[in-house]
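Below you'll find the structures, each written out as structure tokens.
Next, two complexes with chain A in common: one pairs it with chain B, the other with chain C.
So, the complex of A and B:
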């Protein structure tokens, strides 16, 4: 089914990751988005949703949090917004691994820090805002 | 889709066949297997990943962990990764730390 926009609210629990990925994939597929772009968008959304579940809500002491996922298609762009009520966390302020870091042999690498990097690298535009007590992570891919 | 991991131990290497989605909900299950494998110091850890359709950074962390624990003398071999996984390995530079093959043993 082709729709201009859709949203769905998911429980902020690991079991929601696959349903969130499926939600994004089915909307993007219905809008004829290239498979490679769909995959990268799914990876980005998965990374952000995982962070919210694994850090955002636990650090806020909230154990029944939710993530609202909205997806829309307009002017040749697919736009996904993830909204949560967890602690404010701006992924854009987080330092990213440098090209030198990424060329390091694996033995010299830190184990973490790749999730947000992958999320930001996998979309054409990554934006963040905190408004009305909510984190809003905005991911946009061009689909032309 | 789900996730499954199957382990086989051979003289010279240990093989894990992983299928489905490796995300932050299933990575702990994979991590447990990896932790057991690295304590046995195999010369190579071979991952059959042809049926692995998704891997997030949670899975990549396990690959880094495995490679660090195995040490430089042992190899980490990925058999038939899907294009999407290859792309993720390229973006993160991990492609330089693993061997990609079409079949193992040859």
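So, the complex of A and C:
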């Protein structure tokens, strides 16, 4: 069944990652988005949600945080918004690995730092805002 | 996520089923590290892995380093197109050997 938009609030704990991915995937599937695009979108959402759970809330000293996930479909675009009350963190300000970094032998690579890179690379538009004490990560993919 | 680990002819076979994300990657890594104390040849079957995030890539990276430091090797079997894309985006594809079946991977080990 098609729905124009939906939202759900998840506990900010690693056990919520799979339910969050399932929530996005079922909405996208109902809107006839192809499998590859769904994979990329759930990858981006998973990476951002993981960061919020593993760094954002722990650094804010909050142990019962939540992530609100909204998804909507309009004008041939799927738009996902993740909202949390953790420490302000703007993924867009984070420096991205250069093409040289990505060619480095696996032995020389820093562990980590790839999550945000993958998230930003996997969607057509990535936006961020901090408003009323909330981080809002906005991920958009074109679906036609 | 489910992990099955089996050793045969000095090769460690790791079969993973499910998602490798930041919730499951830690368990996967510790399960595998336990098995690599005495052996250094690994065939990892990813046929039934539908999702892998950067946390999964980190596990592959740790294993690669561990095996490389003791002259070992890990071969990946049946990596999905989507996961291949992630490995391409991050440059990991250049450092891992991908095979389409366990038999193909075994041949590689028998030749080396």
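Definition applied: the second predicted complex is superposed on the first by the 144 of 144 C-alpha atoms of A that agree within 3 Å, B and C clash if a C-alpha of one lies under 4 Å from a C-alpha of the other, contacts with A are read in each partner's own complex, and residues count from 1 in each chain.
Methods note: contacts are C-beta pairs under 8 Å (C-beta built on N, C-alpha and C of every residue); 3 or more make two chains touch, one makes a residue touch a chain.
Source: prediction; values computed, not measured.
Peer 1: On chain A, do chain B and chain C fit together or clash when superposed?
Peer 2: Once both complexes are aligned on chain A, chain B and chain C clash.
Peer 1: Taking the superposition on A as described, I'd like to know which of chain B and chain C A:90 touches: first, second, both or neither.
Peer 2: neither
Peer 1: Applying the touch criterion given at the start, work out whether A:117 contacts chain B, chain C, both or neither, answering first, second, both or neither.
Peer 2: So A:117 meets both chain B and chain C here.
Peer 1: What is the contact status of A:18 with respect to chain B (first) and chain C (second): first, second, both, or neither?
Peer 2: Once the two structures are laid over each other on A, A:18 reaches both partners.
Peer 1: Go through the superposed model and pick first if A:39 touches only chain B, second if only chain C, both, or neither.
Peer 2: A:39 contacts both chain B and chain C.
Peer 1: So chain A touches chain B in one structure and chain C in the other; where do those two contact lists coincide?
Peer 2: Residues common to the chain A contacts of chain C and of chain B are 14-15, 17-18, 21, 36, 39-40, 42-43, 46-47, 50, 53-54, 102-107, 109, 111-112, 114-115, 117-118, 121, listed in rising order.
Peer 1: Where on chain C is chain A touching in the complex?
Peer 2: Touch list, chain C to chain A: 19, 21-23, 51, 53-55, 57-58, 61-62, 64-65, 68, 81-82, 85-86, 89-92, 94-95.
Peer 1: Please output the residues of chain B touching chain A within their complex, sorted ascending.
Peer 2: Where chain B meets chain A, its residues are 1, 21, 23-25, 54, 56-58, 60-61, 64-65, 67-68, 71-72, 83-84, 87-88, 91-94, 96-97.
Peer 1: Touching chain C in the complex: which residues of chain A?
Peer 2: 14-15, 17-18, 21, 35-36, 39-40, 42-43, 46-47, 50, 53-54, 102-107, 109, 111-112, 114-115, 117-118, 121
Peer 1: Once bound in the complex, which stretches of chain A touch chain B?
Peer 2: Residues 14-15, 17-18, 21, 36, 39-40, 42-43, 46-47, 50, 53-54, 101-107, 109, 111-112, 114-115, 117-118, 121-122 of chain A touch chain B in their complex.
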